[in-house]
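Got some structures for you, see below.
Each of the two complexes below includes subunit A, the first together with subunit B, the second together with subunit C.
Coming up: the complex of A and B.
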């Protein structure tokens, strides 16, 4: 069972602008994704917000598979800057996992 | 039988009726009825032109009975009573026959059958009208004084509203202090005004007014009389216990609510650090900065919603308590303001921050509040962690049903409102109580503060869970309702009530105990014989007593046994 670590979002935000708090979990982004990425972006963002670090690190593949096509972003009813957030997460992986 | 002159008007209702009922055939069938002197159809009977036509017929032909066959009596009884009255015909010698809702609309597939039914219904109407006697409304003088029960925010504001309009007010409060729940509260949504300050202001105003009498530690123990002239007994419990009797014209009930008290162990209630919403609100209002609970800083807060609400099979509270989502989110915003670094987790079933409170929900998310949706079948569990903190286990439906654990310093059970125990008052006032235990209005939208007891209005959270501002709004609605009835100084009551024939009555007593309004009591005749007497202002004309009387001494005016039997004959007769 995952124990939530509330500081994860601060860790991500340390160098990046990550903001998904307007998300109301409608799921349009997941439904509309041309890559049919099951876990992106809504759920990955939730890992960050809730502090599920292990799950986030497990989905490195998904974060880097995104085309950044912005299909989800233009259709997001809450106006979340999804592609910006994905870029932030990639940068987070670069720093944390690849140490670059 | 004396000869009567009855006019019958059958409505097309544009086509609502005439598309399915052959209205001309109906006219032909009733034209020859005994005592019918005029029978016409009209495109819209309720139109000004047709009302004028009926008026002219009454005046020129000297009609002494009127039958209108159109829509439900709910819609136009008062329209046609008005026509009759203006033309000089006693308004209670008119019968409304419903050939729309109960005929044309119900039988759109059977034109022949609908027409036959309409003929029978109109004949029954004519038969009743033939036997209708003129009636005069019961006029009662009203006392320009209102009793307000409960001095919470709704009751206090209602008292001031009544006083503004120029009515005397008596406020009765059970507790020693006025202000109810709201006197304890700091900032309230949506205006962020302090509850304590609002109550202090209202109390000062109430005490300043000469036409408001405030009794604390007092209860209403008895109510007698009828609308406009209620006699109430008020018992005080303070230093000197005494019972006062006073006359009031109307009553406003604002007895408020109780907060749901979780059972020991329910969502961990009883474990140190698990608190209810009112307990939490008090802590928040007292805190000047980051929250501290029993000497320990509160950094992580978990809220569990719907505690004591929407219980399903598990408990008596089936309803959604409405206010609690918004109240919890508002409290979360209060904490975000006092401690921006605190983490807040909201575990909910459904978020209902209705109307503009949605903006608070949005603001709380932007400030970092996190929302997790748990399944109804698998509510969160609260336990004490090994480090002394609390551990909340929850399955989040928004994250692939993953089960997770939230370490928390404080768990807030978002408890709803439950009806307050008021059995004695319910008995004294004969208040209608709904299945949920709250008091019932006549109609939630059309008559939202009136009860079935004339002159007794309800407002605030004794009716259903409300926010403070909604309670005040309903309090003012009750003020308007009461004032509209009392400011005229007199009220006309429906004369279609029960009467008992003293010749036939044998004082058997069956009706005394049957009347739900206590309108029937024994009366002594000059010769010493005891018979039943029915108070016309108290009787609601429900007819419950009439069929029980073994001597057939009781008749309902406007619906006498003779009239009903004549109607049955009219309905049962062959159409052709």
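Coming up: the complex of A and C.
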């Protein structure tokens, strides 16, 4: 059973630029990702928005495997700040999981 | 097995906070490139290296050591290593690049300084106060450490009376031009990359080069900073015939470098893919970022040779 944590998005959101909710799940990012990351960004953004913390934590390696190369972002039709959002996810892991 | 992500980021963030760089290097390695150039200390305009090229020989050695550790029983002790690193700079014991290797990377900032002089640009250098920009900490989400470090860099620039910096690599350019203004109130440093400065100068080459070269755009230049036309203008102006790989310009393909510190094998696979694209169009490749250079050359082995763009430009434009 998935336990939802509704305030997860507030914990992840580093600043106003976090706009994962603008994603319309079209899949351009997945198709174009040079690292062929299946879950990032679309699915992992959904986990954050829906409060699915356990699912987010299971994808730590995916979050840190992103090249931040912006190939997806410059081709995103919804204007999602994908690289900024990924950095916010990393900041969340740094503080809440790694306790840096 | 990769090293534990949290401990690796922790060590890098601790280094930035305690030692002003994710990978501290000796002062003599940081400033060796200035030898004989007779550059003034500070001034309104400075050539700012951000230590990126000087760091590469140390990064190469550290990555090799990390890979060995990751495959050994020592991987389980990185948490302990982080505690020791707070007192002693652990990387100083792990990386001892050869003199030849160090000097080969000092060549790039020297190239750039000589090219700027040729273009008639007046500038100084910050020597031991030329600090790392914090780019890796930014990428890894270490926001608090980055903000503290950015304040130190800005205070240092102000202390030396700097109003404009001319950068060399794409990462330092992006940090100082696009990221710092989002972190620091009142940040007012003008930032231009040397390729932009040289392109504006419209220099005429003293020696025309010939031959074909495959161009590799840096992701950060192409998609973060909009620098794609200037390297082409300069290389074609030098006489070279540019060959564009399948992914080029704003659609360039990453070299894999950004994940090198955490997942070297993934970085190597990405570099391999990019080398194949460049090798399909030319026998030589040109890079404009030290991370791209080292990742692509390592993957290419002897298949094709990569050179930094400043090597070509110096051959063509230096008096």
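We adopt the following convention: the second predicted complex is superposed on the first by the 96 of 100 C-alpha atoms of A that agree within 3 Å, B and C clash if a C-alpha of one lies under 4 Å from a C-alpha of the other, contacts with A are read in each partner's own complex, and residues count from 1 in each chain.
Throughout what follows, contacts are C-beta pairs under 8 Å (C-beta built on N, C-alpha and C of every residue); 3 or more make two chains touch, one makes a residue touch a chain.
Computed from a predicted model, the values in this text were never measured in an experiment.
S.K.: So if we stack both complexes on subunit A, do subunit B and subunit C clash, or do they fit?
M.R.: fit
S.K.: Kindly classify A:31 by the partners it touches after superposition: subunit B alone (first), subunit C alone (second), both, or neither?
M.R.: Neither: A:31 stays clear of subunit B and subunit C.
S.K.: For A:90, using the defined touch cut-off, is the partner it touches subunit B, subunit C, both, or neither? Pick first, second, both or neither.
M.R.: In the superposition, A:90 contacts subunit C only.
S.K.: Between subunit B (first) and subunit C (second), which does A:22 come into contact with in this model arrangement: first, second, both, or neither?
M.R.: So A:22 only meets subunit B here.
S.K.: Looking at A:52, would you say it contacts subunit B, subunit C, both, or neither? Reply first, second, both or neither.
M.R.: After superposition on chain A, A:52 lies in contact with subunit B alone.
S.K.: Under the stated touch criterion, which partner chain does A:71 make contact with: subunit B (first), subunit C (second), both, or neither?
M.R.: In the superposed model, A:71 contacts subunit C only, not subunit B.
S.K.: A:4 contacts which: subunit B (first), subunit C (second), both, neither?
M.R.: Touch partner of A:4: subunit B, not subunit C.
S.K.: What is the angle, as a multiple of 10 degrees, that the CA centres of subunit B and subunit C span when seen from the CA centre of subunit A?
M.R.: Superposed on A, the angle at subunit A reads 130 degrees.
S.K.: After the superposition on A, what does A:43 contact: first (subunit B), second (subunit C), both or neither?
M.R.: First partner only, subunit B.
S.K.: First (subunit B), second (subunit C), both or neither: which does A:60 touch?
M.R.: Only subunit C; A:60 stays clear of subunit B.
S.K.: Tell me which partner touches more residues of subunit A in the superposed arrangement, subunit B or subunit C.
M.R.: C
S.K.: If you take every C-alpha pair with one atom in subunit B and one in subunit C, what is the shortest distance in Å after superposing?
M.R.: Across the overlay, subunit B reaches subunit C at a minimum of 23 Å between C-alpha atoms.
S.K.: Quick check on my understanding: which residues of subunit A belong to both its subunit B contact set and its subunit C contact set?
M.R.: Shared contact residues on subunit A: none.
S.K.: Applying the document's contact rule, which stretches of subunit A touch subunit C when the two form their complex?
M.R.: Per the stated touch rule, the residues are 14, 34-35, 60-61, 64-71, 73-74, 87-94, 97-100.
S.K.: Give the list of subunit A residues in touch with subunit B in this complex.
M.R.: Contacts found on subunit A: 1-4, 6, 21-25, 43, 46-47, 49-50, 52, 55.
S.K.: Can you name the residues of subunit B that touch subunit A in the complex?
M.R.: Residues 300, 343, 345, 362, 365-368, 370-373, 393, 396, 398-400, 402-407 of subunit B touch subunit A in their complex.
S.K.: Going by the contact rule at the top, pick out the subunit C residues touching subunit A in the complex.
M.R.: 5-7, 9-10, 13, 138-143, 219, 223-224, 250-251, 253-254, 256, 258-259, 262-263, 266, 270, 273
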